[in-house]
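Once you scroll down, you'll see the structures, which are given as structure tokens.
Okay, so chain A shows up in both of these, paired with chain B first and chain C after.
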Partner chain A sequence: MPFINGSGSSASNEGLSRRTLLKRAGLAAALVPVSGVLAACGGSGSSGGGGGGGAAAAKSVPLPTYVPPVKPKPLLEGSAQGVMDVYASFPMDGPRTVNGTIGDGSEFNVLIMTYGQPSPPVDQSPYWQLLNKELNLKVKPLQVPYADFQTKFPALVAGDDLPEFVSVPLYENVARLPQLAEAQFTDLSEYLSGDAVKKYPNLAGIQKAGWLNGYLNGRIYGVPKSDPVFSTQIYTKTDVIKAAGANPQPANLQEFKDLAKAVTNAQAGVYAFGGNIADFMMMMFGVPNKWTRKADGTFVSAWEHEAFVPAMSELADLYKSGCFHPDTPTLMTNKVQRDALFRSGKLAMLYDGNRSVGIVADDKDVVFDIMTPFGKDGGNAVHWTGGGAYAMTMIKKTTDKKRIDMFLRVLDYIAAPFGSRESFIMSYGVEGVDYEVKDGVAVLTTRGQREQDLGLAYIAGGPQVLCDPQGAPGVDQLNHDWQQKVVPMLLDNPAAHLYSETFNSKGASLQQQMQDAITAVFLGRESASSLTAAVQKWKTGGGDKMAKEYAEAAALAG
Partner chain B sequence: MSLPGRPVWLGKPKPVAVALKALALVLISAVVIFPFLTVVSTSLATKQQIDENGGYVLWPTKISFEAYYQIFNGTQVARSIVISVGVTLVGTAFSLFCTVLAAYGLSRRGSLFQRGLLSFVLLTLLFGPGMIPVYLMVKQLGMLNTYWSLIIPGAVSAFNIVIVRGFIQGIPKELFDAARIDGAGEWRILWSIVLPLSRAVIAVVGLFLAVGYWNNYFGPLLYLNDTQMWPLQLVMRTFVLQNNVTSTAASIPGYVAPPTQSVQMALVAIATIPILCVYPFLTKHMSKGMLTGAIKG
Partner chain C sequence: MTLKQALPRVAPQSDETRQTSQKAPFLARLWRDAPLLVMVAPAAIVLLLFTYVPLLGSVIAWMDYVPFLGFTGSDWVGWDNFTALFSDPSFWTAVWNTVQITFLQLVLFFPVPILLAVLLNTVALPVAKKFVQSVIYLPHFLSWVIIVALFQQVLGGAGIVNRFLITHGLSPFDVMSNPDTFKLLLTTQAIWKDAGWGTIIFLAAIAAIDPGLYESATMDGAGAWGRFWHITLPGMRPIIVLMLILRLGDSLTVGFEQILLQRDAVGPGAAEVLDTFVYYNGVVDGNWGTATAAGLLKGVVSLFLVLAANKLAHRFGEEGVYKR
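This part shows the complex of A and B:
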């Protein structure tokens, strides 16, 4: 597969020849149709066929040595398994963790995917100016909206317009990322592997689950931005549930069904759910996290698990019983309306990603709980873990060691742990402009929230924490307790950090095919038995090949 | 019922028929107006009322301009509106200029390379070049991060040329002959005869071009890396996308989520109003121009 060689892309200084155009169009054509069909493959709504789209085939260099970061004592301690620390508020006088000058006054051109609005220009953003001063750099972000990343990224690659530093969101499944990294980005193994990472103390505080995402072709190419290991949660509107005389914490499938029926009151417009809870049902039935690696080293997808079809059959029955909001087909993709219906009590339960607790808990008057997962016959369910990192940041290929060191010092600053002075600056900016202090707690202003959309804070980082001082009372304790209960149920995806060429090229379309089949069963358009044929089609369409490739990659990784 | 000897369509309609027609028109109008009303009402509603009504409000009990304040306070929306207006005006004028000239030239029988050029233009209707080749071409022409990248790549559409050319060909040949007898050259004929008679089709094509430029977000996404240059549609898109996921600031303690649904609706209202303002001035040309090409000969 031809690839742009970093040293060969100098067409901007020449006229556009037919050869150059065809060469680059061919390269980008390899990225565009693949990345165009590669939808987000993580989080809720996906299972069975996913894996790591572009991560390690082999861990040939040791992981960076973990050194617990210096951080303020939390209110509630987290754990190495992934339970998050809880803080009452953001300490405003935290310690400095990075000393000395970071940058060299040069430009820091970085590609950042953003979930927010375009940030104000630097001359109108005190936050941006403060970061430039702290880092001793001129930060110049190239912001790309998250939904358009797979459109913009191939164009930038084709035009050789990638900036010097690139933060790649891992769930976007950038096509052929290992090959792209090898061709265009710097191998950071000698700077980060083993004890070498200790030179950057905050990077050393990133845990293993995060670092595994920085591996490509067995080498370390990127610094991760860690994500919580917990994937999804069911939030319960306890006031609505208790008013219906139901138990908000069922212990098995039958109690869950009873709860759903008890809270549903179509005349009052109250329903149990307003979206697809297929993943929750699969976890309840013990369906594995996308893949299972058997003792003989072979990989079997979750779609082939014996509990998959029965789980979907139960889901379809639940939908048929009328416990789902009539607008469920549109609510599946309309998070804004779903959240509004939950807050107003029209939905008794809301199934969403773990970050959604902030959305539902931003109102002190919202009364809610988080449902502890359970097995269909009682006992523990399984809880699929996420990938461990949200993004990975790389530096374009260079032999300039000083430049690489500066890049890592910048990321070391950005990855400073919660409660540190650096983290406070990254999160809050300038007092009086970006944040105000109310009752001893820093609160972002509207302007501060907007300036935060610069996005620089999200290109590197260690474990996240729970801290919602503005939210419903006790929401962090609630989430912390929930996480501790769920830790024994955590189930990793054995293919999470393995590379499969078939997954990269066909994974998204195969995944969509299965999701469509599941949705058809859920909404009653097809019977559950149709899933058998859908799985067979998935297998022959590329699933079996993926299984083989993952097995080979796992054997190589050891 | 018609009078004896009069055609049915000239007969005076019965009151019942008139009433039924009026009712049908009212219902159809309501169906059309209802979504617009919902959009405006939701944009002016409070977060509490929006939550209570499950996301959409038909009639706000308490007016709140919080959403509009959120949008215009310190955001790029005001600037992006100016950019969108500028790109739309310049782009429409430029596209009309190119389209009319091309259509006129290709409508004159016997003009140099007429057949070859027409075939070349029609060929582009069959397939597009693809996103990456266009991006590379824009880059090589030095248009990346310039507003010309939003105008020039899509300035001329073969479809519009065919429409305008067909209209011009419908102008009686005698007018051209008379003008030539009076000593008018091709430019004079274009300016004094063709353009005045082509107001309808130019209005329609111009309106479609303007709407296209106004709504375009894909070009800015690809070609403008500087977010300060983004036009309204792309900025709006980031608002809408933001409100469907947790904002980047949401993980920061003390973050308070904005009223998302009302902000989305306010954006729709802001983006729709300029086009609604332009339409009334062009409707008198629309009905005539829409029929261009509908009747052969």
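This part shows the complex of A and C:
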């Protein structure tokens, strides 16, 4: 991972990406895929659910009551299935959703995972100063770069150095998160369960799918940052594809292979792909989302699905045919370089999280489209949904009710919905410094983009919207249309939010084993048939136990 | 270059003190050595605090250790972690890879600084010698991230060399992501980075050889080869043996960062070594107990290697790192 950090990303790329990421706040999906979507999403799904087992059996409480937030009229309406609302621009005179003083002037030490450079220090950041004033707190983020998170977080836990408030990105697959939550963090049930959440109206605007991630053993430990249901997309560089005389929207596997072959031109250094597209292939072949729950209540892993090995065999053939960039083995974990190759037309297609659309769209000269998924023989593919939340934010164990209330008030502010005054402040900062108004539309300045690296917007929030007035024209509409086409293909993970002791303790290493086995097949080091043995090893190593535990948990949940 | 004189000459002196010290009473010896003991104290304390005290943490090899439950809250599991470790094929892959890399580095890397030092010593022009020395020391100061990136830029699939081959219609080659040759690649990188730096101590050893010996040998008609074989090499021998033993001690530490950076390119089958195994198992996946067991085993094997190498050194009449 340090390689990603050290390989030097251009400043402009970072600036662009950061802005959109923050504006669309969340970005989880943007970085998840390619090196390990499956591992990541499996984690976000199940690591949160269920319970740690060991805790004294406190009474199970209902989830927070959902009160839909008041929203401005969107340009394009979203849907209950997860299609996001589209707005032309951010309303600048939105209503106030948080009243009264929030903090007590004390320090707010919070762990946040960040993606860009560290934010400028508070005395040089009017944005940070404004938030301090708004929250009446001294916000002190402990910023952990995403490339270091897997090392830094366990070290903080092991050294008992976690700050008072901690935001954990769920896709990072932190080992034993439920146990950690029960051992070290405050049970928020009495403040959030049922109608109690209405005291914090913006938190009440977070949907059930988000809350389930912080719901352990029937108790509520964390406040989520919601994530869209869509996981990954293939971006097509239409100008490169058209120049090669190919069709950027294939309808089946054969056409997809033709496209990959047609755009690849090794002499010119142009390749179809630059990373692993294993998940895309699996979804094309109809491989289920991590698990299938059969009619008799038993759980069967997606690895055992009959289409898994054939899908990987096709993937290996594609790689062998030479349409992947020669640096693919390293590009798999180097998102910055992959993005740059796509922008410069050296990759005709980019498989990435659905929020990457913002990163791509930021460069207005990039002509691109989003490929609609398709089944291998035509028709629909399946599209795996995520776990419903990007991150979960918790407070260290305390009995200080005032402190807990203040924590929730802060999150209530941060979770203010699109269109509100607070949300505008979170996204844009100080006028004249962080943003300027052009033709009635707020436009972030470079400085504003830099100062948003504070990362506070990542830690709590309800449904997100599509609003990228600074991106390529029509990009929101493009994404909206894509989402509508994908809705019929959405497929949930039946084990999401179910608790499995084995997944909790061994899930991360088991997923890594499978990921390594897939990578070996993809890059031609092993034959596709080797996966059968790998799956067997996965099953005996803990997969079978997980299936059993999920079945029990599902039966219990009804 | 204080090492120049110090290294070979310190040994005989300490020999004498040792012999006399056995006769004097303890307190007298303490009083006599007090200044030396005071001088060594800070280093000893650091060693104690940061090497020996943390060793106590190894007890988690016998626990199902969960950091946030601590030593008191975690369960004792007996030898479960070791059983799990030994039955895990990926552990044995890591062991085998480590042994292979250790062997390769010993055979291919270890002699390079010695040869370089001898060659450098033959450069007559001081300016040229200094220049060459500076150049070959330089890569030592680059971090692995930069070195791996450099190799990638030059030899990678889309590196300068392969781009040239492809644009000229020739078939490219693959060394950066080829699991079969990965260990050679690692050794090559290590040589490129550190062989120059490694010459320092051998140059010091050469410089410490009495020039009178060369003069006498020349008078007696010894040629360049004869002088090298009969004077330079025997003169360097104690240092070579010492370095070899020290190298063996941490020979199982085959380059964590260097391998971590390139592991994904070739897969764990070729690149997982004990250190990365511990990292992924313990730090990333949270199996602290098993990872500690693996680390502990590595320590035990390293200790054994040092003892064995030292014994061998004694057999060849060398001093080794400590006396019999």
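Assume the second predicted complex is superposed on the first by the 489 of 558 C-alpha atoms of A that agree within 3 Å, B and C clash if a C-alpha of one lies under 4 Å from a C-alpha of the other, contacts with A are read in each partner's own complex, and residues count from 1 in each chain.
Operating definition for what follows: contacts are C-beta pairs under 8 Å (C-beta built on N, C-alpha and C of every residue); 3 or more make two chains touch, one makes a residue touch a chain.
Quick caveat, the model's predicted, so the values are computed rather than measured.
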- Message: Looking at A:154 after the superposition, I want to know if it touches chain B, chain C, both of them or none. Which is it: first, second, both, neither?
- Response: both
- Message: Tell me the contact category for A:99 with respect to chain B and chain C: first, second, both or neither.
- Response: neither
- Message: With both complexes overlaid on chain A, does A:427 touch chain B (first), chain C (second), both or neither?
- Response: first
- Is chain A touched at more residues by chain B or by chain C? B
- Message: Contacts for A:115 in the overlay, against chain B (first) and chain C (second): which applies, first, second, both or neither?
- Response: first
- Task: Considering only touches as defined above, state whether A:441 meets chain B (first), chain C (second), both or neither.
- Result: first
- Touching A:399 in the superposition: chain B (first), chain C (second), both, neither? neither
- Message: Under the contact rule defined above, give the chain A residues that sit at the interface with chain B and also at the interface with chain C.
- Response: 151, 154-155, 158, 269
- Task: Would you mind writing out the residues of chain A in touch with chain B in their complex?
- Result: 11-12, 15-16, 21, 24-25, 28-29, 32, 87, 89-90, 114-121, 142-143, 145-148, 151-152, 154-155, 158-159, 161, 269, 334-337, 339-341, 343-344, 346, 355-356, 358-359, 362, 427-428, 435, 441-444, 446-450, 452-453, 455, 457-458, 464, 467-470
- Query: Which chain A residues qualify as touching chain C in the complex?
  - Reply: 1-3, 5-7, 35, 150-151, 154-155, 157-158, 160, 175-176, 179-180, 183-184, 266-267, 269, 325-330, 332-333, 505-506, 508-509, 512-513, 516, 519-520, 523, 525
- Task: Provide the residue numbers of chain C that touch chain A in the complex, in ascending order.
- Result: 66-69, 73, 90, 143, 145-146, 148-149, 152, 156-158, 162-163, 166-167, 169, 172, 174, 176-177, 179, 257, 260-261, 264-269, 280-281, 283-288
- Query: Where on chain B does chain A make contact in their complex?
  - Reply: 50-56, 70, 73-76, 130-133, 135-137, 139-140, 144, 218, 221-222, 225, 227-228, 230, 235, 237-239, 241-258, 260-261, 264
